[in-house]
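Shown next, in structure tokens, is the structure this report addresses.
Chain lettering (A, B, C, D and E) follows the sequence in which the chains are written, and residue indices restart at 1 in each chain.
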Amino acid sequence: MIEVRNMVKSFGGFRAVDDASLTIETGSITGLIGPNGAGKSTLFNVIAGVHKPTSGQVLMDGEDITGLAPHQLFHKGLLRSFQIAHEFSTMTVRENLMMVPAAQTGETLWNAWFRRGQIAAEERALAEKADEVLDFLTISHLTHELAGNLSGGQKKLLELGRTMMVDAKIVFLDEVGAGVNRTLLRTIGEAIQRLNRERGYTFCLIEHDMDFIARLCDPVIVMASGSVLAQGKADEIMQNEAVIEAYLGTGLKNKVET
Amino acid sequence: MTEHASAPLAGDAPFLIGEAMSGGYGTGPDILHGCTIAVNRGEIAVIVGPNGAGKSTAMKAVFGMLDLHSGSVRLDGQDITALSPQERVSRGMGFVPQTSNIFTSMTVEENLEMGAFLRRDDIRPTMEQVYDLFPILRDKRRQPAGELSGGQRQQVAVGRALMTKPSVLMLDEPTAGVSPIVMDELFDRIIEIARTGISILMVEQNARQALEIAHRGYVLVQGANAYTDTGKALLADPEVRRTFLGG
Amino acid sequence: HSNEIKIGVLLGFTGPIESLTPSIAAGAELAMTEVNESGLLLDGATVTPVRGDSTCVDASAATAVAERQITDDGIKGIMGADCSGVTGAVLANVAVPNGIVMISPSATSPALSEAEDNGLFFRTAPSDARQGEVMADVLMEQGVKEVAVTYTNNDYGKGLADAFQAAFEKAGGKVTISAAHEDGKGDYSAEVGALDSAGGERLVVVGYVDQGGSGIVRAALDAGAFDTFHFPDGMIGDALTEKFGDEIEGSSGQLPGTDSPGGDKFKELAGDAADASSPFTPEAYDAAALMMLAMQAAGSAEPGDYKDKIEMVANAPGEQIFPGELAKALEILKNGGDIDYVGATAVELIGPGESAGSYREITIKDGKIETVKYR
Amino acid sequence: MSDILNALVAITNFILIPATAYGSQLALGALGVTLIYGILRFSNFAHGDTMAFGAMSTILVTWWLQSQGIGLGPLPTALLALPAGVAATVLLVLVTDRTVYRFYRRAKAKPVFLVIVSMGVMFVYNGLVRFIIGPDDQNFADGARFLISARDFKQMTGLDEGLAIRSSQAITIVTAVIVVAFLFWFLERTRTGKSMRAFSDNEDLALLSGINPERVVMLTWVLVAALATIAGVLYGLDKSFKPFTYFQLLLPIFAAAIVGGLGSPLGAIAGGFIIAFSEVAITYAFKKVAGYLLPEAWEPDGLVQLLSTDYKFAVSFVILVIVLLFRPTGLFRGKAV
Amino acid sequence: MRTVFLFALVGLLFVVTGFTSSWNVALGIFNMGLISAIMALGVNMQWGYAGLFNVGVVGFVALGGLAAVLVGMPPTPDAWSAGGPRILLALLAGAGAVVATIALRRAMRPGWSRALATVAVLVVGFFLFRAILDPAVEAIEAVNPSSTGYLGGLGLPVLLGWPAGALLAAGAAWAIGKTALGLRSDYLAIATLGIAEIIIAVLKNEDWLSRGVKNVIGLPRPVPYEVDLQSSESFVARARDWGIDPVTASSITVKLAYAGLFALVLLALLWLAQMALNSPWGRMMRAIRDNETAAAAMGKDVTARHLQIFVLGSAICGIAGAMMVTLDGQLTPGSYQPLRFTFLVWVMVIVGGSGNNLGAVLGGFLIWFLWVQVEPIGLWVMELVTSGMDGGNPLRQHLIESAAHMRLLTMGVILLVVLRFSPRGLLPER
């Protein structure tokens, strides 16, 4: 599905992504882990067209999509969520979802003026769909709340919700888990699996919660200081000395006496 | 299962307590409904709960960032409900908010300096300690914090709070987005800090690890205490595990 | 009062020429008080000025104000407006439709001569076209063959500068450069740089003395670009000598004025009630005076009636009237006599209600303005 | 040889010196604008009139001093009156902040509201100044007008091109440099300065660090008032004081602040010079210079002028736009809210 | 509800003026109010919908006015024969240079060579342009400078000038947008401010185009002239039976005619604006305004939308400009001051309530009304203050003298008060 070749992205002198090459198989749920500052988000941003790569290229189904603008990538079926939530703060939660689908009749002025009927119909459909998603994410009580007023985790959910509004080929999730209640994270995990199974989404997700990764992801790719450190099944990775050394650590040293 | 909701805390009077707090944002509906949070001197209290339960709100309330229409906040026995946030800071309270918790346009080092704004003594040693705790920050000290990675930002945020040398430290999801190894480091450090007699009050979604080290755990649901007990006990409670800790 | 006649004084009290307008208004109101004191106008009517802010630049606001003066205050005539832009708008959209007489003391744009006015529009300041020729003659006679010109970038400046250039070149002179300057801008080094580089025996400054004009002179003097200048009416006033004194020794200029003692008479009459030497102040006095005398002549304050009398009272034949003699004039008119109003600026209305304009040539000597001769 | 000298002198006298002085004047104004933008995060349209007010109050005091026969010898008396002017202006802006701006700050209003509000304030100051001192221009400069005047220079050097440097120009340039250096040091190095930046970056977090917002704001206004007064007075000394002109100055001042990058003191001065030089240099007619440099034969009869001075303002803005196209937030990477 | 109330209130203001002073005044202000409302509508689109900080309003208004002149005024045959074709040629040359530059930049790779080449082409193009243009300009401006001295217009009905104004403004906006829309917030603001200054500078100094500062006066009207009405028997007769004196009747009739035309335009635009805002398109716009990165990631073409809205808004300002020139019957470039046409319009939008079309319209009427009416208020206040003092009192003199400046002061105070008590505008977005 996605192939990244010798990707390099440097900010000034600093190489955030340093000659990283990896492939994301169609239909897989690929996990991307690594220490803070390993370059995961930067890699995402480069793939999603937010940053121009310093060198290297990105292929989608063999087609070169390097440096395409985000909105172009969206239309090719590539979606992404942000690590630091990017909600539309002055719009209601529902509107946040309804604005997502592409090629809405009402998005060209002419139609907005002279094809009211058709738009109304579309809107109704959209609203229903949005409400389904909100139910699914257990935040339907916030349908009419301004997105700006959501709690940290709720914003995360909203981010995920957006990707569920359209039929995407591949979805990049940057730390959906961070700040999301673990029980809910389970449901989200199941959701991801379902989307993957039923709708054939391909996923690539960054996460620091290893249980979550272990539960969902195959394969798991480990990045460190800008390049790929290891790749393989979750359990192998968790045994991998280098990975433990760089990323997982060995658990708490002190213990409290209670 | 045991209901501890408003049971008085074990041992001496709590060092910091927000008692029966009710309130919301501006003119909006109440978010908190008589919720109580307390922590003893040198202990660690952890708040867990579903998203939107009001954990952050509760923290903000304790720090005086939204006005309560009932309930009170007491620090070391004195009522501080009326004090402004920066007065609370000067009384030795430190707080790391959940979001926008760094000065993005300032360098890492300046962020730390700002943390120590009220301190008149030499801040070098503390800064060194922070750098030892989060080595990556030492390399990035001259970089604008806005250019850091998510996890690195989180580390800066915590570092900033540590710089204040507070007597009570309030952390809203300090480990969100940090790698396991850093998280362990962080928790270790928090335990050490607590040992030096500083009280720690934190919200966590990595609930299991957090409750591991917590003397006291609170489960908030819809702005009210659902369960209150020692961290261990909560971890042991199957009901809590299922509904809040993800099994 | 038995009956009160209101006259609108429509000037830009705020905006670009806000510093000129107070004394212009004072000039006009001087005439009105004089008439009131005589108590002779239309058997004992009193005249009251109604000030309105034309803003000088905002045509819409100006028309609204004029509209209000007419309908609310019921003015019988407008002494104004000042800047030709707003004057044109008020004339077309308010004065003509409502049949109100306008006498402008300062709108000098030739274009206004063509304006559709139903004989309602007059002005006591001569059209720029005329002054341009006079200015050319003055310089030629002094043997000045090459000058640089800078003009304030509005219809007055541009119009006069063009008229002058045409006349000067026809007479065989050379204008090395004709550069605009915006009034009230922060800095004029650029203009002075260009002017200096173009060179010339004199710098002709077609501007306002308390506006960009002085800015240019100041910059030119400081940079040593020019030390003698030539000034048209807008520049000549006590302010000029106060500012530059003998720095501009030997500079020349001309402004509307006559050997007829009118100018001086007005000066002493004005005293400190109005700055007689500030631009367009005498013209304002005359404008107001003309309006009231015409009323007297027509025996009515209705614009429709007195508009046709204005030329009559302004021009010969008849007894000459100078500032301070309005009472006398009223008396004569009352007795059906005829007058030739000379006033402060030797008003002579020609063609479409314009002042023919006779000019006073001046020079700066020992930091004072000295009259050379009249032409 | 002397031709070349003459050419150089001409260029210095008509481009370098005036542009530098004007540039510094703009820079001083821009500093105030940039400071407010940097700390309080809005474009303050009242700044021009704040400058006018500062200048006015200084003038009033100056007149009094002059009437008392107190002076600074060669230096203009105004410098002596400056502190008083600053004090008055500080008072004014602080009152304004209390009565006007604070409300919106508390309400966390969008910057644009503050911009519009500042327009309201601009109107009020505008009226206030004209009210007290009237709309006409006032001359209050005294002391030695020139360091070196064109005439003297000609006599000294025997060149037929003059070179003039006004003392006001010299004072302005020196002051500008000093002030910029000070502000830079203050914001980047001192604890207070940093706390101000912190406040502008993230108000809530500043609160949590124990920074007192009211104090920061007050300090900012005091600095701004001082800057405005200094800028206003120096400008008035060099040209003359006229309320309307100060409003007109607002445009180039903003241009300067923006080109340099809002929020950056260094940017302000760089911007000031860019605007000033593009105004003066690009519309300069090189006829004379060419006359000196080229042999008789090729002497141009045209003006050798890129654009007529009518477009000097336009030119400086074209330059501005071009700069922004390559550096979207100004030369020194300014802020953007 | 609040909306209805406030509009009623403003309506009342006009009615009261109508009774207390006169319907002429009221209608006069009202007409300009309609135009202001349209300008506010345009700015509100750009700021309220898309968060574009356009402070170049005055430029687009002026362009609209120019269009009205170029369409409405009769042509000047002598001028055309003197240099018309040559002017066109020059303009073509200029356009050619620009096109060449763009093509060049497309062709070459970024780098020094490209930069140099660009500059070279532009400079050469510029001189070529001037070389062709200048003589033509000389020739044209020589033709009877005091009354014409310019090419004149097409002599078409001036109403056609309004759409033309929209087009002209839109064209300029498109060019500007293409280059400047990359900029953010206040940087875009100052850029547009500058470009507006440039437009005005051109209008002021290119006499061959529209007589520059010498002004074009006597623009033909879309409505009858008062004097004609006054001289038409039937009208006078009708006025008589209505019991109004013909003069007043005539000017009121004319004003009503204008009011009708303007109201028509305003309502049409308002309808379109509302429809747009409450449609998926409007939603998309708000999303972009809130968070461009996210909007882009959700497949919205941010740049294209920005350009679209910028052009639309500017076009509306253009129409307003054309309408205003039609109303004044003259084009006076000197009067296009940012304070009056940019800042005042912004005040209208913000006071009215940005993001809310009705708000903008309301603000347009209210602020314009105040702008005109505060003047007497100022005087009145002064007289009140000084009523105690005796006539000769110098302070009294001074205060009365400076009464005119109360205008701005009062304006400022009112503005501050309004924003103080409804900080998000009279009709907030939500």
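Assume a residue touches a chain if its C-beta (ideal position, glycine included) is under 8 Å from a C-beta of that chain, and two chains touch if they have at least 3 such contacts.
Predicted, not measured: the structure shown is a model, and the values here were computed from it.
> Keeping to the contact definition above, tell me which chains border both chain A and chain C.
Touches both chain A and chain C: E.
> Using the touch rule from the top, work out which pair, B-D or A-B, shares more C-beta pairs.
Counting C-beta pairs in contact for B-D and A-B gives the edge to A-B.
> Name the chain whose C-alpha centroid is most distant from the C-alpha centroid of chain E.
B
> Can you compute the centre-to-centre distance for chain B and chain E, using the mean CA position of each chain? Integer Å is fine.
Computed from C-alpha means, the inter-chain centre distance equals 55 Å.
> What is the distance, in whole Å, between the centres of chain B and chain C, each centre taken as the mean of its C-alpha atoms?
77
> Would you mind pulling out the distance in Å between where the CA atoms of chain C average out and where those of chain D do?
So the centre of chain C lies 36 Å away from the centre of chain D.
> Per the centroid of Cα atoms for each chain, what is the distance between chain D and chain E, given in Å?
The separation of the two C-alpha centroids amounts to 30 Å.
> Quick check on chain D: which residues sit in contact with 2+ other chains?
130, 134-135, 308, 310, 313
> Scan chain C for residues touching two or more other chains and write them down.
14, 18, 153, 180
> Residues of chain A that contact two or more other chains, please.
In chain A, no residue touches at least two other chains, as defined above.
> What chain-chain pairs meet the touch criterion?
Listed in label order, the chain pairs in contact are A-B, A-E, B-D, C-D, C-E, D-E.
> Would you tell me which residues of chain A are touching chain E in their complex?
Going by the criterion above, the answer is residues 48, 50, 69-71, 74-75, 79-80, 82, 86-91, 95-96, 98-100, 102, 104-109, 112-113, 116, 119, 122-123, 162.
> Touching residues of chain D toward chain C in the complex: what are they?
Those residues of chain D that touch chain C are 10, 13-15, 18-19, 22, 25-26, 130, 134-137, 139, 145-146, 149-151, 153-154, 162-164, 166, 235, 239-240, 242, 244-245, 248-249, 252, 276, 279-280, 283-289, 303, 305, 308-310, 312-313.
> Which stretch or stretches of chain A touch chain B in the complex?
11, 33-38, 40-42, 83-84, 139, 142, 149-154, 156-157, 175, 178-186, 208-210, 246-256, 258
> How about chain E: which of its residues touch chain C in the complex?
Per the touch definition, chain E meets chain C at residues 21-22, 24-25, 28-29, 32, 145-147, 204-205, 207, 212-215, 217-218, 225-227, 247-248, 250-251, 254, 324, 327-330, 332, 334-335, 337, 340, 371-372, 375-376, 379, 401, 404-405, 407-408.
> Taking the touch rule as given, give the residues of chain E at its contact with chain D in the complex, in rising order.
Going by the criterion above, the answer is residues 47, 53, 179-180, 182-187, 189-191, 193-195, 197-198, 201-202, 204-205, 338-339, 343, 346-347, 350-351, 354, 401-402, 405-413, 415-416, 419-420, 423-424.
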